[in-house]
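In the two assemblies presented below, chain A is common to both, partnered first by chain B and then by chain C.
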Partner chain A sequence: MEKTLKKENFNSLITGLKDKGYKTIAPKKDNNLITLCEIQEADEIHFDHIQTNNSIKEYFLPKTEKILSYTIEKTKVSIEEPEGFAVKSVVFGARPCDAASLPIMDKVFNWDCTDKFWIERREAITVVTIACDKCDSYCFCTSVGLAPDSKKGSDVLLTKISDDEYLVETETEKGEGLIKELETVFSEPPSGTPDRQVATVEKKFEIDKVKPWLDENFVHKIWAEFSKKCIGCGVCTFVCPTCHCFDIVDECTMAKGDRVKNWDGCQFKMFTLHTSGHNPRSTQDQRWRQRIMHKFKYYVEKFDNILCVGCGRCSRSCPADMNISEMLEIIATDEGQPEPVSSDEGQPVSKE
Partner chain B sequence: MDNIYTPYLMNISDVTDEAPGVRTFRLNFQNENEGKNFKFQTGQFALYSAFGYGESTFCIASSPTRKDYVECTFRQAGRVTNALSELNVGDTIGFRGPYGNVFPIEEWEGKNLVFIAGGIALPPLRSVIWNCLDLRDKYKNITIVYGAKTVADLVYKHELKEWTARDDVNLVTAVDPGGETPDWTGKVGFVPTVVEETAPDSKDTIAIVCGPPIMIKFTLPVLEKLGFKQDKVYTTLENRMKCGLGKCGRCNIGCTYICKEGPVFTAEEVSKMPDEF
Partner chain C sequence: MIEALRKKAEELLKNKTVDVVYGYGEGSVPERTRPVFITKPEDVNKLTWNKYCVYNLTTYLKKQEARKLGKPAIVVKGCDAKTITVLIKESQLKREDIYIIGVTCTGIGDPPATKCEACDVNTPLIYDELIGEKIENKEFSFDERYAELDEYEKLSEKEKWEFWQKQFEKCIKCYACSSICPLCFCDRCIVDKNQPQWIDPSAHPRGNLSWNVTRAYHLAGRCINCEECQRVCPADIPLNLLNKKLAKETEKNFKYRSGYNADDELAMATYKEDDSEEIFK
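This part shows the complex of A and B:
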């Protein structure tokens, strides 16, 4: 379904969503950060940015979430299942790259057995994205098979067609339902071909060349070179819309407690530390290799998808200025491929 | 929709102290129906929880041939295992599982079996040892080589006696040099050396090895020297795990998720994995 939406109707759209019982999440400026967060009024929405600082991920996989509660009474324990965690919401104005992360992550959360916390939120949340009309040097969606106006994962995609008007395209039944619910705020599609204002994101590397290189070079001096600057802060994993690794811990008083799932990250030493003290990924270069391998090799082999949408957040947020697309460029280009080293030379350098 | 993170509630019905800091729990389902419907196969693992402290991953140490209960053996080492060891008979613990793949014991029928374990790694093998002993007719010679640091560190001491007394089991126990007591009658030496001395015949034989990484590393070449083909040698791997369901993202070695594709692998499969142990 195609419609248009005038900027002046954003107010009625957000009010309409509220009236229909939706919680609205949208980009909002807070000091120097542009954050996807809950808003009440259309005025709060920030439009003129490249990318939000946080990704869409936390609305589907919260930073911390209760997966069960329990009461301990002497020797007995009773368990209570969490309820009401999936709230009917609309994420409005996220970027297409963020939306594309959702169907990619559906695969791991549905694999073999279903994580209901992910799936029920996926069902409850409608995703309305706005195509990017500008980008920066960190953006690389076009290198990972996406585009600034990709529809993958979006229920509705808005594309700017003039200073005060957006083209509205629905991608799913859920998106169509949403537009029908709020019919009055939308106008009929324009006649003729609208002038879509979409950024041009430079293609930085051939993704097809990345995996074959990774297949051959688990042991390679490049891992130590790449990770030299890494301070292991893990911010790349937290801002990433596709990093989904988590921890499970108990939070408890004497009698009552919750078991919670928290974001975790492969860049932390504790992530793989055995109780014995042994650690299969004890150095930062092993941990950085894991991040690249997981995204561009392991996930592809398991789920036939790259675990990266090219949003560039990991590089934009890195305090040590590590740049993942530059590394992938090195990996993907023949000239940049150093000769594989002997296994001794390629062994991770100790940097615990 | 079911919550895949919800554990079964189990009663601790028996507690055995195996060695300093090592304890075995026998667990029974609090809900009879859950108990009736519960099935597992030897080699699988589970997540055990001390409510208020969290979950910890260990193998199921009992054999599926012993119905109505499961057993786990753990060493007090971290937050959860310390909390577990505070629990007594009648207390409740959480149990999530069974997870992972299994020892293909049906494929092993008609063959000799050699079990090789080091230290706290006997529990996963104890499950498959009892499983095969409970189906004793289906297997030929059964040899068990078990070593620990010291005599006190040997686990399942009562069962070691039982296996020694049986004439259909050849049990070789060993302790590391310096770990012996004056009345120790077993061998003194490290597991790989003891395996070499015991020299089990590799013809028509399956070897099952479990122990700390360093023990496995030095035992595999010994087995190769004895003529064991890599696809006839099995091991069970462990890594830190949180979900046990292939989602939390940490137990992989290369592409292989220990929780889903493992924990049981052949030495051949292990040799193809990248060096990330």
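This part shows the complex of A and C:
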């Protein structure tokens, strides 16, 4: 279904959503940050940005959430499961790369164990994206098979066609349903071909060359060379829309407690520390290699999808200017690659 | 200045005075630099110096990956150099195990970092070699030094509490603040200990409050105001406001400023009979 939406109708759209019982999440500026967060009025929405600081992920996989509560009385354990966590909402104005992360992660959350928290939220939330009309040098969606106006994962995609008008394209039944619910806000599609204002994102590398290289180079000195400056924090994994590792902890007293699911990240040295004290990824180069391997090899082998949408957040936010597309460019270009080195333990050599 | 820096690095590597130079290199975009580790004299051209050299490179002294490279020369600004004084004082480093390339600095960041406003270490207080024209270090009064706290201190206790609750709510527990901090050098942080679980790992209000307050307290009387924690915070939490407040309290109560004088006894690790007891009230 195609429609158009005038900027002057944003107010009626957001009010309409509220009246129909939707919670609205949209980009909003707060000091130096632009975050996807709950808004009440259209005036709060920020449009003139490349990317929000946080990704869409936290509305489907929150940074922390209670997955059950328990009480223990002598030999009896009672468990209470949380309810009402999936709230009918619309994410309005996310970028297409963020939306693309959702069907990619559907695969892992519907795999051997179905994650009801993810699945129910996916059903409850409608994703309305706005195609990017500008980009920066960190963006690389076109290198991972996407585009600034990809429809993947969006229920509705808006594309700017003039300073005050957007083309509205529905991609799913859920999206169509939403447009029908708020019919009066939208206008009929323009006649002729609209002038879509979409950014040109430079293609930085051939993705087809990445996996074959990774297949051969688990041991390579580039891992250590590139990751020397990495400080081992969790910024890249937490701002990433596709990193989905989590940890489960019990926050409890003797008699009762909550079981909580928290974001976790492979760049922390504690992430793989065994109870024995052994750590299979004891150095930062091994942890950096894991990040690349998981995204561009393991996930591809398991789910036939790259675990990266090219949003560039990890590079933009990195405290030490690690840049993932730069790493991938090196991998995908034969030129200038350091020779592989061998080591007895099959681990990368951290010292030249 | 860049030429002098490269020449010095080349000389140090050629003479084998050091094995590696931790310096600033060109970043992924013109508005950024990145830490580089130069081990070969022919690579010194990778070193640079400009207003985007924000990093406090002494933080790599705690990273095993950097330590493995051997004895370092480190490029430090005046603020960063104070870290070295503290690390030596806290027995984390021996003076002879490091070569300090001090650079004179008139401010970094764009817009300039808050720490640069009342900078009294344009010329580092400790170095083996100084790069750049020596700048007469300014002196500021106690009030001028902590002027950035003026607005904050006007808030009532309730307002302060609300302010921090709102700030900490944004925390995502990525621990970039402690990972980047050169003085957060514990191999195993209290937040990683779970028997007992001192700090809730969850990024909920209780977990975020306990983490952020504990982090700041462990730096009380130690933080040298490099502002790196604040720079790297992806949630834009004004972490240095806490550090600065604690520095002010430390100076007021113990007449101690971290990293300024190697002869001063550490405020939090030294008991003196005439220590102020005001702080316990």
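Methods note: the second predicted complex is superposed on the first by the 338 of 352 C-alpha atoms of A that agree within 3 Å, B and C clash if a C-alpha of one lies under 4 Å from a C-alpha of the other, contacts with A are read in each partner's own complex, and residues count from 1 in each chain.
One rule holds in what follows: contacts are C-beta pairs under 8 Å (C-beta built on N, C-alpha and C of every residue); 3 or more make two chains touch, one makes a residue touch a chain.
For clarity, every value in this text was computed on a predicted model and none was experimentally measured.
Residue contacts after overlaying the shared chain place A:Lys20 against neither chain B nor chain C.
Of the two partner chains placed by the overlay, neither chain B nor chain C lies in contact with A:Lys180. In the superposition on chain A, A:Val249 makes contact with both chain B and chain C.
By the touch criterion defined above, A:Glu326 lies against chain C but remains apart from chain B after alignment on the C-alpha atoms of chain A.
Within the superposed three-chain model, A:Phe238 lies in touch with chain C and out of touch with chain B [touch as defined at top].
Within the superposed three-chain model, A:Lys88 lies out of touch with both chain B and chain C [touch as defined at top].
Residues 247, 249 of chain A contact both chain B in one complex and chain C in the other. Partner chain A is touched in their complex by these residues of chain B: 1-7, 9, 49, 51-55, 77-78, 81, 90-92, 94, 212-213, 238-240, 242-243, 245-250, 252-255, 260, 274-277.
Interface residues of chain A, counted against chain B in their complex, comprise 67-68, 70, 72, 75-77, 79, 81, 108-109, 111-116, 119-120, 218-219, 244-250, 252, 254, 257, 259, 261, 264, 266, 271-276, 278, 280-281, 286, 290, 293-294, 297-298, 301-302. Every residue of chain C that touches chain A in the complex is listed here, in rising order: 27-29, 32-37, 39, 55, 59-60, 63-66, 68-69, 170, 172-176, 178-180, 192, 194, 197, 200-204, 207, 228, 231-232, 234-236. Note for the complex: chain A touches chain C at residues 30-33, 53, 63-64, 137-138, 224, 227-235, 237-239, 247, 249, 251, 260, 262-263, 265, 268, 270, 283-285, 315, 317, 319-321, 323, 326, 350-352.
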